[in-house]
Amino acid sequence: MKSAAFWGVLAAILAGGLALTAVLENEYYYNALYLILQATLMAVAWNILGGFTGYVNFGSAAFFAMGAYTTVALNKALGLPLPLLILAGGAVGGLVGFGLGYLTLRLKGVYFAIATLAMAIVIETFISNWTYVGGARGAYMLTPDQHLWFNSYIQMLFMVMLLLTLAAVAISRMLSSSRLGRGLAAIRDDEVAAESAGVPTLRLKLVSTTVMGAMMGVAGAPFPYFVTFVDPVSAFNLFIAVNAIAMPMIGGTGHWIGPVIGALLVGSMQEIVKVTVSSELNVLIVGVMLVVFITLAPQGIVGLVRKHWQRRKS
Amino acid sequence: MFSADLLANAVVAGILLGGFYAAVAIGLAIVFGQLDIVNIAHPAFIIVGAYIAYILNSRFGFDPVLVGLLAAPAFFVVGALIYRVYFLAFERTGQESLSGLAFFFGVMFIIEVVLILIYGVDYRLVQADYIGQSWRIGFVDFPFRMLVPFAVATALTAVIYTFMSHTFMGRAIQAVAQDRLALQLMGADPVRIKQWAFGLGIATAAIAGSLLIVIGPVEPSVGRLYIGRAFAIVVLGGMGSISGMFIAALILGIVESMVSTFAGPSWSPAVAFGLLALTLALRPAGLFGRR
Amino acid sequence: MSAPLPLLQVSGLTKRFGGFVALDNVDLHVGAGERLGLIGPNGSGKTTMINCISGALFNDMGGIRFDGQDITRMLPHRRARLGVARSFQIPKPFRSMTVLENLRVPLEYAARARAGQRHIIDEAMELLESIGLKHCAQHNSAGLTQVDMRKLELARALAVKPRLLVSDEAMAGLSSAEVDEILEILLALNKRGVAVIMIEHIMRAVMRFSQRIVVLDAGHKIAEGTPDEIVSNPDVERAYLGE
């Protein structure tokens, strides 16, 4: 996608979001859109380590939860405004990502994936035992009165998440066509050969885990205000981790737009099923779609589209 | 408060628990330790086994352990089928590691959600005469609900250990991990052997599940707590070693029991992963590993 | 006048895998622009030697100096940046990338310090042309023929802009004509001043190519000399044919 077209689309979407908040009052829609955007942000973040670098992270919920709990802790301690909380959430997420990378550097693919799961459970255990943020019983977050010029707080949260998600997509796109991105792709394709070609694999992997962690932390930072009650079960929810993996894999991990497609598709389906059929069944969808796509179309939707184009060419 | 009787009880409980953990991990020891298939959904199958024991126990009053043993052949068939799919989708194309992992992650998730949809998140338990009774030797307790699973798990481990080292199929399974080509030259079909091995692994889940629900109440998300334990045991024991796995299981049981007794039960989930992390960092081959 | 310091100096290199000694106290040196052949029966330690030189493995004892610098504990990517390149026996292309993109990585990373004024894509194309792969520049690297993959493997090593290239059995299993193609590429490279260590089993190539040959057997260096000296060395004959 050419640069000008890309930024044009981004601007249009942002403008569209603003316009929406002016005309649409029903809070339900903003709830649904917030969740879809949150899932998109998580999927884009996951893909930086998963799709670009080839290291599968099963503990995405931990980074997300760290962002959420940073908000809970800082709000209780200092009462900071949302933008600072988001920055803090990103910083903490990035730190955790850096730590994860540093500790697991020597582990190969499968062991790395298990290590991410381990880290997620260890972090969850620690948070569950930390009474300052409510421990296992959870913490309540009061909805602030301040919501700028928007009609309601959820409208503002929606715009915030829209902005963050668009920023993440832009960063992801820039990364994929940069020297750094090509280095990550080399690591993904063949780490030993990449090292021989002069790619500082350790350093780049650390960058990758840190950026992913930071983005996920940012995704989690507004979460306490969205749900108003945070507990380890909801913050560290497996559903978040599964979505973070499934959406990029369904959309296609090789391209920056894959996670966006996957998240929009699956996220929308989940919201629709939640309302029309049942809220438990919608959770099942992503699991089934993950298994189906991974078995039949491992390159995801992007892969299917590419194959279709190639067949048309010949 | 540190007293001899608290310590003794913690150690004994740990040993009994560790024996049970062996039943949890043995399926993975075969599937992951021998075949390098990262079946992260193994604990989910154990939970299914637990629920089947619950159903037949609450409906017909069958002894849960018996149910587990009877269900094992059915689980074997399911396991073989799942391996078929896994093989066709992943092993044949060489995508194993990451796609296969995500595949099992999806399967695990589906199992958990389906169980929640059907049975909700309430805890389920089984009734049996021996649950609630206990031996007492000196100041140490041997609760039957732990002793019976320990005995069954130990017997299971012994049976599989014998199977692996003394039968053709068992040795073929070990061989397919080490030298696929030699096996093919001997006329054995590696795919069929792996299918057998995977089926065997899932069959043990039926038994482990029935033991699990004897020890304590079960609800769908309990399986996730065992992912870490199962992998920690297999890695600590050493990939490919059944006896190593058993010892590692005992070690984990004892350490967890001590942590739970002296630091609090809310810390036990972290023990297994902590042990796993230490093993991977210090001695990745495990105690008795082949690599 | 004293001899100049060798480009690569390997001293007393020992590498063990558990109880197995793959390399035992081996000395090796390569002068700037020299053509060294490294031969020996299977399992003699040749690939282990390359892995130690390139940094894929760290040796247990001994030292490696490159251009006067101690690189014994240096990570592979830093050695690549200094100008040590190696090709892999079994080609390891970056499968998601085209042939051209494969070259971009070493040019952008290992060769960055040696980058000229020219655009990287132009350099990559020129490299492909010199090696005979220009026609498949835009093809995906995973679908190449065997010999083209070997060429790509070499091209990637060349893209490092090395001062020392270690070629690990680049000719194994190729036809006679293909062997000559690879040989010409290596000779042309050497003419530009690059030192080459060639590991091969194809004797006519080694004989033709090498100025000096080192022979390994079971982790020991058993002979060193010109091709003629090696050919008539009874120890070498014994190593290959057995007692």
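Should a chain be cited, it is by its letter among A, B and C, assigned in written order, with residues numbered from 1 in that chain.
Assume a residue touches a chain if its C-beta (ideal position, glycine included) is under 8 Å from a C-beta of that chain, and two chains touch if they have at least 3 such contacts.
These numbers come from a predicted model, not from an experiment.
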- Category of the chain touch graph - line, ring, star, complete, other: line
- Chain closest to the assembly centre - both centres taken as Cα means: A
- Message: As a quick test, compute the distance in whole Å between the mean CA positions of chain A and chain C.
- Response: 43
- Query: Roughly how far is chain A from chain B, going centre to centre by Cα mean, in whole Å?
  - Reply: 32
- Query: Cα centroid separation between chain B and chain C, in whole Å?
  - Reply: 48
- Message: With touch defined as at the start, can you tell me which chain A residues reach chain B in the complex?
- Response: 54, 56, 58, 103, 107, 109-111, 113-115, 117-119, 121-122, 124-126, 128-129, 136, 238, 242, 245-246, 249, 280-281, 283-284, 286-288, 290-291, 294-296, 298
- Query: How about chain C: which of its residues touch chain A in the complex?
  - Reply: 54-56, 75-78, 80-81, 85-86, 88, 92-97, 101, 104-106, 108-112, 156-157, 159-160
- For chain B, which residues count as touching chain A in their complex? 38, 40, 85, 89, 93, 95, 97-99, 101-103, 105-107, 109-110, 112-114, 116-117, 221, 224, 227-228, 231, 264, 266-267, 269-270, 273-274, 276-277, 280-281
- Item | Footprint of chain C on chain A - complex, ascending | 179, 182-183, 185-186, 188-190, 192-202, 254
